[in-house]
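Each of the next two complexes has chain A plus one more chain, namely chain B in the first and chain C in the second.
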Partner chain A sequence: MAGYIGNLTLFLSLIFNGFLIFSLIKGIKNNNFKELKTISFFNDSIFFLLLISFLILIYCFIVSDFSNVAVYQNSHTAKPLIYKISGAWGNHEGSMVLFILILSLFSFVFFRTKVIEKLKFYTVFFQAILILIFLIFLILTSNPFDQIVPKPLQGLGLNPILQDPLLAIHPPFLYFGYVGFSLVFSFALAGLVTNNFDKLWSKVANFWIILPWSLLTIGIGLGSFWAYYELGWGGYWFWDPVENASLMPWLAATALVHSNIVTFKKDKLHSWTALLSIFTFIMSLLGTFLVRSGVLNSVHAFANDPYRGVYILSSILLITFFSLAIFIVKSPKKFLYEKYYFFQRDNFILINNCFLIFFLSVVLVGTVYPIILDAISGKSISVGPIYYHTILAPFLFIFLFFMSHGPLLSWNKEDKFLQIKNFKIFFPISIVISSVIIFWFFNYKDIILILGLFFSVYLIISVLFDWFLQKKLTIHFGRLISHLGFGVLIFAIFVNAYLSKEINAAMKVGDEVKIQEFIIKFKSINKIKKENYEEVFGNFLVINKEKQIELTPSIRRYDQPIQFTSETSIKTNFIVDYYFAINLSEFEKEKIMVRFYYKPLMFWIWFSILLIAIGGIYQTFRLKNEQ
Partner chain B sequence: MNNKYKITILAITIVIIFILFLRVLNSNKTYQPNQMIGKKIPEFILEDLFNKNMKLDSKILSEKDFVVLNIWASWCVPCQIEHPFLMNLKNKNKINIVGLNYKDENANAKNFLKKNGNPFSLIGVDKKGEIAIQLGAYGVPETYILKKGKIIFKHIGPLNEDATNKILELKK
Partner chain C sequence: MIFSKSAKNRLKIFSLLLVVASIIFFFIYNNLQKNVVYFYAPQEIKNLKNTPTNKIRLGGLVKENSLKKNNNTYVFIITDLKSEIFVEYNGLLPNLFVEGKSAVVEGVLKDKRYFIASTILAKHDENYMPPEVANSLKKNKSNK
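Entry: the complex of A and B
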């Protein structure tokens, strides 16, 4: 019954969306928007109708209504409530409903901001076109309310690896980021079409860029954190295509955040900002395509229906074509003839924009090239961490250098001498700090490691220097905290990469092994039975010099469907994570495979990602209050 | 450049991307490790476990008529079970076996061979397990039969009577 209502509201939203587009076209044609109330009514109703559909879908999951295909395939009565709820977006159909809901939510909120009327209606128009495309996709190929007759008694269950509290919130954050960029995309097209792409545009856009950027940052951080403790391989970033799919819009958006500041402050870089606004959302769509079309095999690839893939592919390419065509025809051609200064803030921002686009290209090639090569020639190449690290690292250092000095430069005049003065302060301090760290902790010296530590320390010093120099901290707080976070992140990543240790062994209860400087004792094993799984815990004692750490990793056997997952045990003291995971041995019943990892500064990786996001969120609130 | 040209170029690019990705969508994407059978081994050069100047090179392997490549690790329990079979293949049947030491500590690996004997003529050290993945391995142990660098047979799990017989058959 609920399913019918859900289906109905979904269809109604499609019809209302048609009305909305129709009345907007009429208004645009006659160049008057007297029917403001009707437009506002349609826009709001679409949001509420979609919200009802989504809530009904959640309801179907909660009451385990197995007559619904999506519920049948992804849920089970013996699942805890929270996973029944998160199951609603833990599958292809439900996640597409969430996708469209967020599209309309942004349109709903945007309608209430103060913008020139024309700009507002065009934005809502483009947003409505996006909603139309994805609603048709949803209803035609992946209707979340499809019915099964007769009704099955029990569902198939949710992939156990996805049954995790973090994963209940990771997709919504990621989606708010991904889909959130749709608004600045529509807004940019509106600005281009109406020739309103100017300072005022970028002032409004600022909020709509930084908000999804912050949410995407958190979403990526959560996904990475989940991979770290759930997958049991000790890593937090695998350069997996699905991870890259979220990194690409993030890189484009980071460039956009900065170029938009230049557009706002100096009334420059209009075309570039417009292009980045379009490009960021296209990157989000590319990510959606890669993840959702079944092109990639991973926990994220829900659907393996080629028809869906073709539909997403064609609509994404159509969106790309039309948005770029609008850009080509209408791109703002303002030429400012002003003297070029190297040591000026907008120039440094532009340089780092180029670097960000370079990083983006590297990730794009690394992600897409192997897929296409495989399809065309049947050759498999593996593009792994080595590719990314060797290509990205050297340029990252230069990037960090410009990032250190950029914010200290003036917008309007060249101040080379001040920067040389700053350089004379930062350089010796960073040299001293990074060499102390290297000689204290590391037995071997690697040039990449030395440079990585040096430049990240350099950035941190420059941010702190900037911090204490600011008289009005409130204006700059967002930037300072995000930049500080980035410096700490790079520092932690380098230390972690070079100081991490991994031990593999096969052990049985009572065994003791000594590898490197660690002694691992396997003390005991015990079993417990939970609602939807059975868990076997191993009790281990790790002795590192004087320290004794008890760890209890486990293996879970889920009933529906029968599947084993390995649960890690992690103890952290903010400096080092002790990380333990076990696996069943296929060949010998008595022994189990143990993996022990020594992972320094992991806490700081998570904390710095949080700092980066907090900076963004602070900035959005400040902008909101200003408006 | 005229806008018309720009848009034409854009349209052509989009169509090309569409065709490329259509190919991707239509090709089978499920990862099947045994798809490597009948294919050439990936290119790699690995340091030997005992002698850093010696290299396990895929090019040299590709020149040999018959090579057995065994993926093993000292921490892997079933590797101990299959070890006598490897020793027999080498000593009795004079078969050239090369090893791929998977995610192992060098000292442990050497100890393992000291205790159980060394059937390998060369041992590539695959610290991160990357080459094993490229070879399409599920895990350790796994054994590959290479003819001129082509994988003609693969055995998953520890070797046994049947598997060794099969290897000897292939040798003929």
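Entry: the complex of A and C
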């Protein structure tokens, strides 16, 4: 029953969306929007209808209505309530409903903001076109309210590695980020079409860029954190195509955040900002395509339906083609023949924008090349982390250098000597700090490590220097905190990469092994039974010099579907994580396979990602008040 | 003059961009070529003219009753139902490594019959089969 109402609201929202587009075209043609109330009514009702169908879908999951295909395939009565709810967006169909709901939510909120009327209607128009494309996709290829007759008695269950509190909130954050960029995309097209792409545009756009950017940052952080403690491989970033899919829009959006500030402050770089706005959303769509079409050979690829892939791919091509066509025809033609200054803030931002686009192309090529090669020649390849590390690291250092000095430059006048003075302060301090760290903690010296530590310390010093010289901290707080976060992130990544240790052993209860500086004791084993799984805990004691750490990793056996997962046990003292995972082996039944990881500064990786996002959220509400 | 001054300027900028873009492209492509890992099924390795010397991935089914342990070294057979390759692996076997099920190993070939694995890839659940393995098995089954 609920399924029928859900279906009905979906269809109604499609029809209303048709009406909305129709009335907008009419208004645009006659260049008057007298029917403001009608447009507003349609726009609102689409949002509420979609919200209702999303809530109904959640309801179907809560009451385990197995006549619904999506519920049958992804849920089970013995699942805790929170995972029943999160199951609603943990599957393909539900996540697409969420995707469209967010599209219309942004349109709904945007309609209530203060913007020039013409811009507003065009933006809502483009947004409605996007909603149309994805609603048709949803209804044709992945209707969440498809029914099964006869009704099955029990569902198939949700993949156990997805039954995790973090993963319940990870997709919404990621989607708010991805889909959030749709608004600035529509807004950019609206600005181009109406020739309103100017300072005022970027002032309004700022909010719609930084908000999804911050949410995406949190989303990526959550996903990475989940991979770290749930997959049990000690790593937090595997350059897996799905991870790359979320990194690509982030890189494009980071470039956009900065170029938009230049457009706002100096009334420059209009075309570039417009292009980036379009490009960021296309990267988000590409990410959706990669994850949702099942073209990837990856832990994440759950959906496997070629038609979906073809539909999304052709929509992306269509959207890309038309948006670029609009850009080419209407790109803001403003020629500025002013003198070029190297040591000016906007120039440094532009340089780092180029670096970000370079990083983006590296990730894009590494992600897409194997797929294209497979499609053309049938050869299967995989691109390893070494590709990314060797190609990104050297440029990252230059990027960090420009990032350190950029914010200290003036917008309007060239002050080369001040920068040389700053350089003379930062350089010796960071040399001293980084060499102390290297000689104290590292047995071997690698040039990449030295440069990585040096430049990240350099950035941190420059941000702190900047921080203490600020007279009005409130204006710059967002930028300072985000940049500081980025410096700490790079520092932590480098230290972690070079100081991590891994120990593998096969052990039985009572065993004691001594490897490197660690002694690992396997003390005992105990078993508990939970609602939907059985869990076997191993109690271990790790002795590292004076320190004793007790860790209790476990193996879970889920009933629905039957599957084993390893649950890690992690203890942190904010400097070092002690990380333990166990698994069973078919061949040595009396022993347990033990993996122990020593992971320094992991806490700081998560914390710095949070700092970056906090800076963004703070700044979201900031630029509004500036002239 | 064929071109106006501004057109000339634009031409200059455009050609500069083209040069930079192609250098970057070449750089990325070069690095990519060095760092990709090719996937082979046992039958494909048999058909190769030269034995690849760099790191590759090998995938197929772990042959039933082929696994033997010698100190800390495991030796087993990977098959795609047509050809077989011995694999030597020094380390711990993961959860989901089961005889008769699919596996992907990464390492180097000693010769066309013998593979020295450095990693066993097993980040998937037990019913999952890597698409490459599934493809090669399907091909060989239909040829039989």
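Keep in mind that, in the parts below, the second predicted complex is superposed on the first by the 618 of 627 C-alpha atoms of A that agree within 3 Å, B and C clash if a C-alpha of one lies under 4 Å from a C-alpha of the other, contacts with A are read in each partner's own complex, and residues count from 1 in each chain.
The rule is simple: a contact is a pair of C-beta atoms (placed from the backbone, for glycine too) under 8 Å apart; a residue touches a chain by one contact, two chains touch by 3 or more.
Since this is a predicted model, take the numbers as computed values, not measurements.
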>> Following the superposition defined at the top, how do chain B and chain C come out on chain A, clash or fit?
In response: clash
>> Quick check for you: in the superposed arrangement, does A:504 touch first (chain B), second (chain C), both or neither?
In response: both
> First (chain B), second (chain C), both or neither: which does A:321 touch?
Replying inline: first
>> Looking at A:310, would you say it contacts chain B, chain C, both, or neither? Reply first, second, both or neither.
In response: first
>> For A:387, using the defined touch cut-off, is the partner it touches chain B, chain C, both, or neither? Pick first, second, both or neither.
In response: second
> A:564 contacts which: chain B (first), chain C (second), both, neither?
Replying inline: second
> A:358 contacts which: chain B (first), chain C (second), both, neither?
Replying inline: second
> Should A:515 be classified as contacting the first partner (chain B), the second (chain C), both, or neither?
Replying inline: first
> Touching A:370 in the superposition: chain B (first), chain C (second), both, neither?
Replying inline: second
>> Residues of chain A that sit at the chain B interface in one complex and at the chain C interface in the other, please.
In response: 297, 382, 384, 504-506, 585-587, 593
> Any idea which chain B residues touch chain A in the complex?
Replying inline: 3, 6-7, 10-11, 14, 17-18, 20-27, 29-31, 73, 75-78, 81, 103-105, 108, 130, 133-134, 139, 157-158
>> Considering only the defined contacts, which chain C positions touch chain A in the complex?
In response: 24, 27-29, 31-32, 34-39, 57, 67, 69, 91-95, 97-99, 123-126, 130-132
> Along chain A, where are the residues that touch chain C in the complex?
Replying inline: 159, 161, 231, 233, 297, 299, 358, 361-362, 365-366, 369-370, 379-384, 386-387, 390-391, 504-506, 563-564, 566, 583-587, 593, 595
> Within the complex, which stretch of chain A touches chain B?
Replying inline: 289, 293-297, 306, 309-310, 313-314, 317, 320-321, 324-325, 328-329, 371-372, 374-376, 382, 384, 502-506, 515-516, 585-588, 591, 593
